[in-house]
Every structure is written in structure tokens, then in C-alpha cells.
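Note that subunit A is present in both complexes that follow, paired respectively with subunit B and with subunit C.
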Partner chain A sequence: MMSLNEVKLSSVRFKDIVLKQYLYKLKGHSGWIHSLILIQLISLLFSMSPMGGMSSGGDSFHININTYTGDAFLVLTMIWMAVMTSFLGSQAYRSIDFSLVSNRITSYVSNAALILTFAVYAGITGTLMSLLQRMVLVKSLGESEFIFGGVQMAPWDILLSIFVATLYLLLLASVTYLIQMVSALNKAAGIALGVFILAFGFGWIRIFEFKVENVLLFYTAESSLGLFALKVIGSVVLLLGLSMLISGRMEVKR
Partner chain B sequence: MSFIEVHDLKKTYGNIQAIHDLSFAIEENTITGLIGRNGAGKTTLLRMIAGHLKPTQGEIKVLARDPFDDLAVAGNMIFVDDTMVFPDSLTLVNILKEAAAFYPYWDSRIADGLFDYFRLNPQQRHGNLSKGSKSIFNAIIGIASRCPLTLMDEPTTGMDSAVRKDFYRALLKDYIDHPRTVILSSHLLGELEDILEDILLLDQGTKRAHRSILEMKEYALGFRGNAQVIREKLLCRLEEEEILYQEEFAKGSLYLVAETEHLPEGYEKLRQHEVEIVPVGIDDLCIYLTAGKKGGIDDVFKRG
Partner chain C sequence: MSISFITLSLIILIMIILFSFIKRAVKPRLNRFNQWKSNLLLAGGYLALLILLIPITGLLDKGESFISPNPDKELLALTPADWSKDGQKYHLPADGRFEEQTGLYENSHQTFKAEAPQLKITTAENLGNGQIFLERRGSADGIIEVATYVAPYYASANGAMPLDFTKLIAPPQISLEKGILKIERPIEQSWVFINFNDSFTVRQFKPEAQSAGGSSMMIQGQQGILVRIPSDLEIVSDDNTRVQWVR
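Entry: the complex of A and B
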């Protein structure tokens, strides 16, 4: 029986759903942003203590050199990124999409957009934190102490730092996502892939005579920014494409 | 063209056959109860209709489309079950707000009204809800989203009986105001019976019956009385598969349930021999129709 109030079919646009899912998950996972802020504040504490130093002196003078590093920001931010990405790729989190309107492609694309957003955010805040570190160090300087390298960073250097950090985070995220996708298909294969990538990436294994000294060098040793960006973006597209192919082999929700 | 069409559907998980030889059609704007015992294939069937699982063989058409991984079907469908997950950073009231964006016919008045009525805490997180409250919340989303295709897999899990009744009433009221195609799965009919129009009864992965509630009410009749009389006048004139159930409930007394359409003419005359003829409730009927063997749990103990 027809009725005036009958619910009618609505047309569904791919773009709309992706955007809605993206915004929904951005709000829904905002707790992760808070965890990143916390992590970065903790790493600020770590980086306040010198990681190395030397001192020498004579009868009339004494020199003490302390080395500070922002590595803690990078390492902890990278760990955060890897954890967050593997959450996003997990079955439980993918079910979040399928509890409302979704198909595999929209879920995948909105996740990719989310990863990109988080990488940019972490890249920016990570860089700003290292600026903050310098400022705090300057404030804590005692009498007859001074800082090498200056307090200010050129705006160009800041942008460069953000860009490079974001690219590294993206690379890490796409590797993590691929591992998560393979695990969803087969747990053992996922673990094996993770161990393999870790060992391969850091050059701990050799295959016959072909010794992969250090796959990471492919990226880290690149001195041209353009080529570096191209290498990373190419790898990211390849890795994410691969995880999309793998997720396409699975049933939507198990 | 029916809203949902299923032909020779088959679904296997490895060696296990979950669904086989299943064909049926569901018309637009009906409420169908998907009834079956544990493991009858209800959830598998619903997930295939929702497009979450791919059939091993056969086909499903929803709105004349293959629903598997199809956005057009997904956008017009909601699948309510206990595996629904919502982000932990959102409170319940925020989830309602966010979910509204996905559904063009979302009714926030109904959503808020039901939310208040069932006294859910707006500041709570979905992951911390009790089983019953989670089911209530998921059901509210299912009703308020007003999707042309609303699938609910055991929506009342964990709800107490008062809440179950209220939920069925709310669903029925909203359905009458805004007709849509609803499939509700359950292993027990009891309270569900009053809101359903059709019943699709599954047994061990295949269809046992697909009829309207009215037809189901007339599907069988029960005969209660002297065992000898019933055996002589009725039992011997029926084929084995036309007898749905028989039970000796006291010495020399028999209760027999048989399919109405196969009853011999003049069966009413049994009343003269003090045989009671009684209608068979739909939930009992469904149990008889899906019973593994003739007899029941009693027979297990007899053999022992």
C-alpha cells in the first residue's frame, strides 16, 4: 500500500559518503589527537636532558658542551602514527564504517584521507615541538651559557621540516596499513610480513648474494627534495594500492 | 519486481554449509520475521542481503542490484545487530548527531524521544554500555534512520521483557507512519508475532516456510483426546510428513498436530468422541516445523 509518508529511495554519491565518513571518523577519533599532544609533551621532557656532552678545561677556563636532540619527538610521533594506523586498519575499526553507510572503497578512501590528515598534523606539531624545545632551552640557559645553532629557524626550514616529517610518517603509515590488511587476510602472513619489512628495511638480512644493505637508505640518502618526495609518494601509492587490492579479496565484514 | 529476490542461494564457510537451496522474494513495505533455531542461517542470510557477505552460489537482488559491497544499497539500508561499533571518542548523544548526517530521512525527534524514554545516559560511551542498553541504542539508530531497507538481527538481545515490548511497539508505530521494508530475525516469535506481517522460517540453512501470519495461524490444527480414537480416526489416514507433532501427555491420551490442508474430510466429527480441536500457536508451530526428528527431548531420555 502506498502512503504519503513512505520512505523513498535516495541516490547515494560516492564523494558525499567519503566526506561524511571522513568527518565522522575525524571527530570520532579525536581522542587520538589528545594522545599525540600528551606524547609530545612527554617527549619534550625527555629532550630537556642532554643526550651527550663533553667537557674540558684548563687552569683558567672550563668548557662544557651538551648536545640536545629532537629525536624523541620523531621516534614517539612515529610510534604513535604506527599504532594509530594499525587501529584504523583493524577489523573493529573498519566495522565503525559498516555500522552506518559504507562500502569497501569509501571506507578505504576515508581511512587514507584520515591517515594523511594525521600525518600532516603530526608533522606540523612535531616540528613546532622542536622549536619549543629550543625556546625552553634558551630560557633555561644559565650565566655564561649559550646555544649553538640559534633559536630561530628560517620559515623555509620549518616548512621543509614539516614536509619531510609528514612524508616519513606517511611512508610508515602505509607500511603499517599494509601489514594490518595482510593480517586481516591471514594472521600468520601479517606477522611474517611485519618481521620481514623490519629486517629488510634495516638491512639485517641478505638474499643470496643480493645484500640489501639498507632499504631505508633509498629514502634517507636522497639529497634532492623533489626526488625524495617522489620516491616516498610513489612508495605510499604503491603500498596503499596493494592494501586496497588485498582488502578487495576479503568479504566486507566478518 | 520484488524489493528483495533470492534465487538458489548457497553459502559455505569452508566445509560448513550455512545456507543452501534458498529462494524467496520479499515485497516492498512489509515487515518480515526471519525465524529459525540457532545456526539456521539467519545472520548469514541477513549479512548477504546487507551486502557484507558474498554468496557462494546463486543470487540476491536488492532493488534489482547485487548488494555485495554496493554503495547504492548500503546508502538505503541499515543493519542493526550486536556487532555495531561506534567511535569511542563520541558520547551517545554525539553518535546520534553524527549518524543523522548519513541518513536523509533521519528523524531526530523520534531518536531523542526514544533516547529519553529508555533513559540512556547521553554522556556515556557506546563501548561501556551493558548488553541490553547497547541493543536499545542500536535499535534507536535502526528506527530513527528510517531506511527503505531496515535489517535487524536479533535486535532484542539482552533487553528485559518490558523494554522488548516497548521496542516492538515503537518499531510498529514508526513503520505504520513511515512504511518501509523491515526484516527482523529472532529465534523466538512470542512477542514478535503481533507486529509481523510475514514469516520466513529457516531450518538448517534452507526455507521451511514463507507465509503471512494469517496463513501461519491456519497452517496446523491440534487434536487432544483419547489416544485410541485419534489413532484410528485420524492418524492412520495421514502421511508421516503431514503430522507435525505428537505427544502422549497422560496415559491413554494423545496430542497430535497435523497440517490443516491435509486433514481428511469430516475431521470435525472427532469432537463427538470428546477430542478437543485446538488452534496451534505460531511459536509452537515454528518449533514443530523445525524439529530435528519426530518426537522431542523426551525421546533422548527414553533411549537412554
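Entry: the complex of A and C
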């Protein structure tokens, strides 16, 4: 029979092991910051093109109204996140895991904490890059160019954007991680799942009369922040839970 | 933008090259730390730099509605919301009584000395939509007054507050030579108006700003020229369709 002290001890050990693994992995993967900075600087180039606007003219004048957003930073940061998470779930990285004192669960939880750290950092920097874009545009204004509507981002909008970007990054990372886990079990199943998610997520699938709406809309069309957070957190927990279940069924080392 | 894609590409390329050189130069020092410590410093520095941009962009605003090196920015205004509700709210008065019409902007006013008992008015073929109104004054003082008026021009994109650029519209070029009042096309003008919209992570929760590009519109106002002549001056015009007397 297990005593209370034993349970407490094992729980403390679990936390300690996870924390040690997390810090070890964080140090080990800290080089990823270079690729994040690089990708965000490259996205600064893309963000120099307006996202929309209008062009019109009169008898003797011509006007352009250009609208700029920070979407490019967030989209490229998402791609970075997907690539980084796929590395984390890859066979090579998982093999390195076995050099640590760990079991499936501690390795998995420390990976999840690492993904969360990257998502928060990338969410903050991806959002704040919009300010750099605005500063570059202000400093490079020509004689016939006028900025209207302000340069500043409202503090609430910054916080909202960081929170939502972090949630999107987490969602994307958990989807990528699940695909990697399924791939580790069965490569063909992993590819099929990737194609399935892409098709259902970004496209419209029609099976006879049954039309599957764009799954992505489940998240992107949600205008209530609370419901959106609930949907994303629920999905992340579900996806990471599935990944954990799958990884638990794997052999020790392949 | 005055900064081109190529220029910015070069700047970023130079930054990357510089970064790699600096990294190589300080590498012996960095080796004293572990590699992860330098990465942590880089991550912290990068984040601090971006956070620093929050107050900096606040300072760039300077509380002005428009930012531009162009001194004419003072002539711009944000259009009151009610203007855009019924399209062209302010027209040129059909009877030519400009002073009594609200919302019009007098963008030029010139006076000339009448040189002959007759005044011939010639207009450039590509003058545009400008209508000429003639008004005979009570006195025979030999003064010809020419004023040009503009009804509001405004535009908006992406649901942003409409922009009133009426005062930027250049007046026609008007001169009096040998008894001929020449009304010529205004100088060609071109402007770029820039506004920043929220990222999709914020737009999603703001129903009024759902689209990044969004709908856009431009309301083109009318332009009118009022020529006030002395009571004894005879008028000859080569374009009667464009000239009308103030009733």
C-alpha cells in the first residue's frame, strides 16, 4: 500500500524533474531565438506593402489611401512556430530526450512547457514588431505622404493582440505536435492527418451533399474573447492530450 | 513610400552581416558565458528593444492628427461622421451665391485691374469640372475679383474616419493679360494617405474593423469660379456653356 509521504515525494520529484528538463531544454533550444529574430526582420520587408486601400483621382490630382497592418509578422511567426514545434516532435529530438533521466510524461510535459514559453515570447515579439513597422514608415515619409489616424497602438489592443497571438501560436503548435506524434507512430497516418487538417482547416470539403464548413472559422469567426479563449484552450488540451496518449503507446526507442 | 523594398532589403541584409561580424568579434568574450546565456541576453535585449518602441511610437504622434514632413498637413482634417452618410452633402450653389453656401472652401482670391472696356474669358480645354459664375457689381471701379471655391473632397478606406482633403486642392491658374482672363488647369497633384489598422488578432474582436483592406470611397467635390466685374465691363466668353450669371 502506498503511503501519503510516498505520494507527496513522487509528486515533488515529478515537478522537479519536469522543471529540470524544461530548463535543460530551454537552454538547449535557446538558439531558436536567432531564427525568430531573422524571420521577424524578414517579415518587416513584407509588412512594407500595404494590406489594402484605394486609389482614385480627380481632374488634376491623384490620391492613394494605403492601409498597413501587422499581419505579416504574425503569419510568419506562426510559420516559425509550426517549424520549431515540428522539430521538437521529430524523431531526432525525441532520441536526444532519452539521454535525459525521464519518462514519457515528464518529457511530454516539459515539451509542452517549452512550447508555451516559445508561444508567449513569439506572441509578444510578433505583436510588438508592428510598432517597428510603424516607426520605419513614419521615419521614411515622403513630402506627399501623410499618416492619419495615429501611430500609437492602444495598450489594450497590444495586450489583446499578444494574448490572441499566443493562443493561435499554441493552437498551431499543438496541431503540429499531434501530426508529429502520429507520424512517429505511422508515417502515412501522419501525412494523411496533415492533409486532412489542411483541407478541413483552410478549404471546403464537400462529400456528396454533406458540406464541411471551414473548420478555421470555428476560431477566426469567434468575436467573443472569452469564448475564443475557451475554444482554443479546449482544443489545445484535447490535441496535446491526444499527442500524450499516442506518445504513451510508442516503443521506448525507434 | 520613399523607402523602397530594395533599400529596406539592403538595410536588413547589412544588419544581418553586421550582426554576424559582431558575433564573431565578441565570440571569445561570449565563450566565457555558456552559449545559452548569450542567447538569453539576445532574447531579453530584443524584447526590451521592442517594448521600448511602445513609448517611442507614442512620442511620434505628438498629438497631431496628421504626420508628414509636408507643411500642408495643417490643411487636412478628419471629416465629421455625418458627411459620409448622404454622400455629397455640400454642393456648389446652383445660383452662384457662394458666400451663402456652408461647407465651401475659398481656395484662392485674386483681384485684377480692368485694362479694357471688354473682358474676354478663355478657359483651358482640360479645365475639369469647374463652373464659372459671373456677377456684376454695383460700382464701376475697374476692379475684377476672381475667387475660386471647392465643395468638400473626402475619402476613406477600410472604415477609417473619412479624410477631408478639400483644402489641398489647388485652384485653377488664373491670369489677366491684354483684356483676356485666362483660366487654366490647376497644377497636377498627388498624395498618399497612410493609416494603420489593427492586426487580425485584434480585428477579430472589433466587428467594425473586420477587414484589413476593406471598403473604400472617395467623394469628389465640385469646383467653382466666381468672377465679379465692374458694372460697366462688357463680357465676351469663348465657352458659353461653362459661364453663367449669378441670379
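As a convention for this text, the second predicted complex is superposed on the first by the 224 of 254 C-alpha atoms of A that agree within 3 Å, B and C clash if a C-alpha of one lies under 4 Å from a C-alpha of the other, contacts with A are read in each partner's own complex, and residues count from 1 in each chain.
Methods note: contacts are C-beta pairs under 8 Å (C-beta built on N, C-alpha and C of every residue); 3 or more make two chains touch, one makes a residue touch a chain.
As the structure is a prediction and not an experimental result, all values here were calculated from the model.
Student: If we overlay the two complexes on their shared chain A, which of subunit B and subunit C does A:E143 touch? Say first, second, both or neither.
Tutor: Only subunit C; A:E143 stays clear of subunit B.
Student: Looking at A:I17 after the superposition, I want to know if it touches subunit B, subunit C, both of them or none. Which is it: first, second, both, neither?
Tutor: A:I17 contacts subunit B only, not subunit C.
Student: Look at A:I96 in the shared chain and tell me whether it touches subunit B only, subunit C only, both, or neither; answer first, second, both or neither.
Tutor: first
Student: One more residue to check, A:T106. First (subunit B), second (subunit C), both or neither?
Tutor: A:T106 sits against subunit B, while subunit C stays out of touch.
Student: Based on the superposed arrangement, let me know which partner A:K231 touches: subunit B (first), subunit C (second), both, or neither?
Tutor: In the superposed model, A:K231 contacts neither subunit B nor subunit C.
Student: Who contacts more of subunit A, subunit B or subunit C?
Tutor: Counting residues of subunit A touched by each partner, the higher count goes to C.
Student: Check the residue A:T220 against both partner chains and state whether it touches subunit B (first), subunit C (second), both, or neither.
Tutor: The second partner, subunit C, only.
Student: Please work out whether A:G31 is in contact with subunit B alone, subunit C alone, both, or neither, and reply first, second, both or neither.
Tutor: Both subunit B and subunit C are touched by A:G31.
Student: Where on subunit A do subunit B and subunit C both make contact?
Tutor: Common interface on subunit A, subunit B vs subunit C: 27-28, 30-31.
Student: What residues of subunit A sit close enough to touch subunit C in their complex?
Tutor: Of all residues in subunit A, those touching subunit C are 26-28, 30-31, 33-34, 37-38, 41-42, 44-45, 48-54, 56, 58-71, 73-74, 121, 124-125, 127-132, 134-138, 140-153, 155, 157-158, 160-161, 164-165, 168, 220, 222-225, 228.
Student: Which residues, counting only subunit B, touch subunit A once they are in their complex?
Tutor: Touch list, subunit B to subunit A: 29, 47, 51-54, 63, 68-72, 74-76, 78-79, 83-90, 94, 98-99, 101-105, 146-148, 177-180.
Student: Please name which positions on subunit C make contact with subunit A in the complex.
Tutor: 1-3, 5, 8-9, 12, 15-16, 34-36, 39-40, 42-43, 46-47, 50-51, 53-54, 56-58, 60-61, 65-70, 73, 76, 78, 126-129, 153, 155-158, 160-161, 163, 165, 168-170, 185-202, 204-205, 207, 211-214, 216-218, 220, 223
Student: Where on subunit A does subunit B make contact in their complex?
Tutor: 1, 3, 5-12, 14, 17, 20, 23-25, 27-32, 92-93, 95-96, 98-106, 251-253
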